[in-house]
């Protein structure tokens, strides 16, 4: 029994991170209906940006939020405007383009850092817990808190602000939204920016925990997709809770099987969900059948 | 039996709280020409989609050529002889007209060569033979409409479901299309036509079925149906006395 | 169109129609075979020219191999429109399985190549069966996930794949080992592979399966209404594509003789590369992937050589190229050339 509690304990903290990483992705997925393969690389860029703020500007990494998040917002708007907007009706080309972005970002960082391993030294060894091969630290707790704050804030934003309502309108029916005077492309840019900014928050909270490498994005993107699919495409609360579930699953897998096989577990979850209940836990039923193309 | 050719019984489709098709039942005999009319949103295209298998009914039964087809996927129904056109023409854009029609032809003409020949013959019937090598994206609207019909005809269907194929055509084109359908009908093709154009309805119906808000409000001869008060009011609203204030 | 005159059936309109019909129905087998042979001969020219240049022959070997692999991908990815990122797995399996049979039991790769291809094709079909239910992007993500999982498993399983250390095939040259002293023999082998895959592509393109694949790519619902069994078509395409990719993997294994997960299962280097080459060359065309390989592989090597020390530089360029191609060169080189040709023909 105490194993179970340990697993739940670890899983929740891990899950906070997965939720944090995936909320931005599900927002983008749900509103704009595009697949961004480069999501992990965007996260990675944010993490290196946080590191830069730390090493060049001497900022406490958590305070770097102030710098990183706006920059990421602009970055997101740029990606949408330059790469995704022209390809809105061409899903195949979107996939190519986002893969190109993945390769570009990952290797640009590799080139610039010459593959050096970077990391922010832990503030104090005392607040580190090592359980079942997984290292927990204060950083995890903070990430969980951040994740919860973000999802609540986003919920309020989407429900109670004009901008948020416009986003929801576009999500439901972009043509109807357009006839009501909403500039759909502008909303798309805003959403991509917002999703990227949230991912920026994730980057900030992840940087103190992990050793940075250009390929770290790839470590997260599969889990992020699994979270988004499990939670329901476009549902931020779905991403939050699915993140926790995925975290617990990973902890359990690490305990009973082997931590190295965690991506196999994610993949299994991903496939099973897509086959058994494609709309995920909290998504709209039928959204995935209609596909990500339905609004022409 | 002839009555069992194509039968719809108790067909219902609900989308969440909205009932698009409500307990519709009718029978089609082989060789009949039937029009389905009703105001927009009456559920006509949904009915077609259930007939061909694009959508699953919420309840009810579909039977074709003596067998229940509820569980059959669309491509199997096509193989049985159920052909259709789509309201929004969906040609295969990167292919030329001939190749578009070949896709349907390949169903019963297994070799590519035979399929090509059959596809060309169909195009000739439709009057598109001259445009056989034009990419579908280069065809005019009326040509695309006819291509849709050609693709359905290439299946050598026994029944063809035509979903507003006359929309956007000029009177000459409409006249030619009507003549074509009459020719096909004389050769034994059963026609189920959704149409708004009343002249077309009159020309292409031995029987008219009227749908309104998903409910079948009547069926019978064209003139009879088109003058019935409930049909008129379904389209135009209730007749009221205008009193100047 | 042939100009046949004096047909018995009177009116000029009927004659025109007959001529049109003949043109529509006539299958230019001769022309197809001719184009195939002509293209192959062109592809052979560099082989003749660079025969004695060790460095260039190595690159050419790789060009032929990647051309063949891209052609194989194109069957399901280009013709069928299914963006598969799982082909790296088929490639890796085609490399690992015969390699292990050779290392452990001394079985000649010539024998295991087709067997492995059959196994891989079957596995591909089984995995794709549920996965093809997923629309567009979800399918791509699922295949990408498959690649990641395969990489993890390959790293993990020492007994099956040699784990992270990989497998080293010692250099014992002989024909039955598929290991050669002279580099040009490898080059010739890869050329044969490319010729094989191209032949398969050409045959498919002219066949019922080919037309059905195109229909599935363009519009699945429309295809279904025309009697196409969409799932079956996708599975056939995937199976054939996987089998060919597996064979390519076997040849690669005996060429490179060192197999490890990063070499075989890195998405940007292998899995996406097939798709990239097809896109740049002309996705969904017969010769596109070949052209893509001939352009990109040497360019990539050139960049790698000139930007020497900078790790990842060539992938930065490729990534950029991929984005630009998706935005501006969607039809690839073949498409751009065709458009140019049409414009030239149109101007009087």
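Should a chain be cited, it is by its letter among A, B and C, assigned in written order, with residues numbered from 1 in that chain.
Throughout what follows, contacts are C-beta pairs under 8 Å (C-beta built on N, C-alpha and C of every residue); 3 or more make two chains touch, one makes a residue touch a chain.
If you're wondering where the values come from, they're calculated on a predicted model, not measured in any experiment.
Asks: With chain centres set to the mean of the C-alpha atoms, which chain is at the far end from chain B?
Replies: Looking at centroid distances, A is the chain farthest away.
Asks: Find the most central chain, measuring centrality by the gap between its CA centroid and the centroid of all protein CA atoms shown.
Replies: When every chain is reduced to its C-alpha mean, the one closest to the whole-protein mean is C.
Asks: Which chains are joined by the largest number of contacting C-beta pairs?
Replies: A-C
Asks: Measuring centre to centre with CA averages, how many angstrom lie between chain A and chain B?
Replies: 47
Asks: How big is the gap, in whole Å, between where the Cα atoms of chain A centre and where those of chain C centre?
Replies: So the centre of chain A lies 33 Å away from the centre of chain C.
Asks: In angstrom, rounded to a whole number, how far apart do the mean CA points of chain B and chain C lie?
Replies: Here chain B and chain C have centroids separated by 41 Å.
Asks: Would you pull the chain B residues touching chain C in the complex into a rising list?
Replies: 52-54, 73-75, 78-79, 83-84, 86, 90-95, 98-99, 102-104, 106-107, 110-113, 115-117, 119-120, 124, 129-130, 132-133, 151-152, 154-155
Asks: Under the definition above, what is the set of chain A residues touching chain C in their complex?
Replies: Per the stated touch rule, the residues are 34-35, 37, 83, 86-87, 90-97, 99-108, 110-111, 114-115, 214, 218, 222, 225-226, 229, 258, 260-261, 263-264, 266-267, 270-271, 274-275, 278, 288-289, 291-293.
Asks: List the residues on chain C that touch chain A in their complex, please.
Replies: Touch list, chain C to chain A: 81, 83, 130-131, 133-138, 140-142, 144-146, 148-149, 152-153, 155-156, 268, 272, 275-276, 279, 283, 310-313, 315-316, 318-327, 330.
Asks: Across the complex, what residues on chain C touch chain B?
Replies: 17, 20-21, 24-25, 27, 206-208, 211-212, 214-215, 218-219, 221-230, 284
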